[in-house]
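Common to both upcoming complexes is chain A, partnered first by chain B, then by chain C.
After this line comes the complex of A and B, so read on.
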């Protein structure tokens, strides 16, 4: 009797959900890549996503996505999975006089700051948005320590890097992320203004031992905390109806553990936390020529400060404060050579077109073909995020990444992508024997049902 | 006698002015029906006057062109629209149409000395127009001529100029013109639905209204 009652309740609940209508599906992605970079080679990953979008009443919606992967990458298990997203989002509009909108999202969700170069990642937490006619304010907090590390890119400290290599560690670095964003659309002359403050607090010391400040003996098997803050401002908008731009700047502050000479130390050296004062800036222009095969020409310039006395990207500062910009996650430039936005000056020139865009109904109509040319420079002497770079080499040309790619979506539920990249290094910027050209190829197949 | 003549002329002018405020079905093709207020559906007829409260409906491959003052509205196939308000007073003309479902192209000509406040409403949207030409489907906007101020239910807005497009999803702010350009010039490989992994809104975000104001 009790079972029947429970079954009835479950059926009624399902019926109620069905009345509101929910959406679900499965997506399978095959990603095969080859890189001649040391330690990489041929990698094939197959990932399945099971997603659900479930409205719950007039104001709430549940978004959930599970993912599982099968991989031949020796750095990862053969099979692994994670909850990709699991969030409950409420949207509460007030449409009377003084209209505004409040939305609240709880759970695991994807979050990014406006540029995408500092933080663009999933996290577990809370996000609130206050929408007003002339601006939108967003406040978000999240924790990254419950994410499967194989789906993350959050390496900022030496301990993060060690955990990344340790097969017994399952989860991503334990970091608390807080962001406050203010977006003002069309503040002047159709130009949008963004302000963002992002705080990254390393919570590792609450769970495990880390090197404490004052330790006088160098310990290569451990590390300290990296706490950072970012204060950003960005502008974007149209210049003409076909030409768009965006420009942004982030001031990076924080602290990083450094093993430096210390007169108060018995050994003459000690671990000390040193301040970070760094910067990241970018500007890009995109020109859309829809009439000519839906062409897009673009140029993107990215500059991030480095630290001239750093000997490695991870906790590499050796003297005084650190001026190396350290993003929390974020996107990278390049195809074969993909350094993070740190000690870098990159100029990416891109062009793409859809050669069969006028062949309406053709299977090739959606084909987008493009090419990118990205010369990379070191902003200063010191380390970059990519291995093989000689930190003692002074600022200057590092190499050029050339890539061609093609994307095709013959049907709405089938996507195909091919990218070929080649990096031609400048030998003097690399350590001896580490200056081989890099060849990269990638094929992506995406299918949904 | 003179007074009577002046009053008669004024009366005739008032009648003429009133006549100009009517929405008239100028052209149509295919299956087009009209439901005058309080009456049943009847087949469309050329130069049929559409009084406030009248509803026009187009079938498959059917079109209709309505003239309302300085505004010309092309009603696309599978569209249902009602005439809500037609007023002219003190150099200002006000036209309000309810787009129940479907798509229209509106062209509002500028007339010297006359301000035409043209409004298109739908269950999820409102478009208020002065002097431009655009396609409007409630959630999507394409501007062919002039400048359009495009706003969502809470008044978050963007200026969309000639040749640009924008769209509004539920209560989201209007998409920037570049987002619309990217949508046509870029091919996404991933077949995952937009927002499936990024916590997209649900039913709650599908209600609300959109307002388009042309300057």
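After this line comes the complex of A and C, so read on.
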């Protein structure tokens, strides 16, 4: 009895220590969208995020967030949920003078490389950051196969795509992600330099059968592995006090399964892994005109190589090595038409302003309205990530995405967003009957408490 | 030595930008505190807001705080202030309206959220954590800069 009492006291003391300083809250979000794209239509998703922030001692913080969604999207269950984040992060002064920092984060967290176009996603793993006086080195490893697939965008292989369509498969593609990043802020003339190496290892073969190299019969119901590596360099900073730029380049390497003619095969054809050698580059300029309703004018150019013999974005290589850039999971340009950074040349012209920025204290003060015009081009003959594109069409103009949007946060805990997009396609870049214009609308409401 | 230089830089910076003239001795005491005392925090906020004179003492600040109809239970014994309590003092002293939840349920929880949203706090915005003297002054400096922009 006495032991139980002591144990209870110890547990209560530990609980009190653990809960001291903890904070929690709920964010709810309603996302209603309409797209005239085939198979989409009106989709409404309501998502709630329950988050917890728990400092543990002087150095450690536990961050946790659960999310649950209610959706009418026919590709998803009506109700689904996931652990959004669950990580323990420690931040430690590294040296006696406190100038350097070391941080360690373990668990599920959001991670991205510096550009955001190659990888920007949640993963389960470990992240370490070493802060030196003149630069920061970051090392991270993570696994994506425990994420609920309905909250992910990690499809790279044919088997990933098949799993994505299979209602019995709950989890995201099984991939191991590793990144090594080196950030040197203000190296010269206030210019920041970034270097990044990202490795994406497909682990599917450890859990299930995949097509093995050398198989001599074409199998449309299965696929192979997609392993990729990316070596990037980026530069950003101010040109003048109002003009800022960002430029980056990634060299993409790896391997992709390809069914090709093979003289050693009995059938004359066989599956072989072919090398990937591709590139992604981007440059953007942003001009801030604070005096005129806090205006921002921007231009962003994105270029990603394609492969002229690819017949589809997913494992579409048909001959020799592949020069198609394949991002793991990253941001896209466009509103109604949103192709991935692969076989693309896009030029996004944007302008936004806050028309009521001078009305201090008004609920309209935060209103931001803007417009974007994005002509898309195919970098080479071959496939793009969006359906309906004719892979046999040569490089050239694909179409233009026009969008207007407005964001309003009348209160710190209430946000509203509206976006309207229209894509006007170039018929000759699309398959017959797939060249309809796309109309897109989205309304987002969010509230936190 | 390095620490002294850092404190001096913060002090000089604040004197230049904040523009209120607390005694150096009191500022030094605040900067030395790893967990800011409630009375010192009350002094900083009330004097910056012009509710008390900058020649007042922390004890006088506590007395002045009791006179305000802000619904704050002013501690009788010396205690540290939490980020949420500090945020609530700032919200009241500078008449910051806050979000919907703050208007419905004014208090330290949503006050901390508000000052984090406005960018006054850059570190962990948990309302229940303690704050250092240096952080308290930095937050106040951010508030005053924001207030100036609003006018």
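Please note the rule applied: the second predicted complex is superposed on the first by the 424 of 449 C-alpha atoms of A that agree within 3 Å, B and C clash if a C-alpha of one lies under 4 Å from a C-alpha of the other, contacts with A are read in each partner's own complex, and residues count from 1 in each chain.
Heads up, the rule we're going with is that contacts are C-beta pairs under 8 Å (C-beta built on N, C-alpha and C of every residue); 3 or more make two chains touch, one makes a residue touch a chain.
These numbers come from a predicted model, not from an experiment.
Enquirer: Please tell me, clash or fit, for chain B and chain C sharing chain A in the overlay.
Expert: After superposition on chain A, which the two structures share, chain B runs into chain C.
Enquirer: For A:414, using the defined touch cut-off, is the partner it touches chain B, chain C, both, or neither? Pick first, second, both or neither.
Expert: both
Enquirer: Please work out whether A:222 is in contact with chain B alone, chain C alone, both, or neither, and reply first, second, both or neither.
Expert: Neither partner.
Enquirer: Once chain A of both complexes is superposed, is A:360 in touch with chain B (first), chain C (second), both, or neither?
Expert: In the superposition, A:360 touches chain C alone.
Enquirer: Quick one: classify A:294 as touching chain B (first), chain C (second), both or neither.
Expert: First partner only.
Enquirer: Which partner does A:55 reach: the first (chain B), the second (chain C), both, or neither?
Expert: A:55: touches chain B and chain C.
Enquirer: Contact-wise, after the overlay, does A:23 reach chain B, chain C, both or neither (first, second, both, neither)?
Expert: Once the two structures are laid over each other on A, A:23 reaches both partners.
Enquirer: In the superposed model, which partner reaches more residues of chain A, chain B or chain C?
Expert: The larger set of chain A residues in touch belongs to B.
Enquirer: For the superposed three-chain arrangement, which chain B stretch in 19-27, 73-81 or 181-189 runs into chain C?
Expert: It is 73-81.
Enquirer: Does any part of chain A touch chain B in one structure and chain C in the other, and if so which residues?
Expert: 20-21, 23, 25, 53, 55, 61, 412-414, 447-448
Enquirer: Which chain C residues qualify as touching chain A in the complex?
Expert: 2, 97-102, 109-110, 112-114, 117-118, 124-129, 150-151
Enquirer: Under the stated contact criterion, what part of chain B meets chain A in this complex?
Expert: 151, 153-159, 161-164, 170-171, 173, 176-178, 181, 184-193, 195-205, 207-209
Enquirer: Within the complex, which stretch of chain A touches chain B?
Expert: 20-21, 23, 25, 27, 29, 49, 51, 53-63, 65, 84-85, 87, 89-95, 99-101, 103, 105, 107, 109-110, 127, 131-134, 136, 185-186, 190, 192, 236-238, 241-242, 244, 286, 288, 290, 294-296, 352, 354, 366-368, 407-409, 412-417, 444, 446-448
Enquirer: Going by the contact rule set out above, which residues of chain A touch chain C in the complex?
Expert: Per the stated touch rule, the residues are 20-23, 25, 53, 55, 61, 97, 360-361, 411-414, 447-449.
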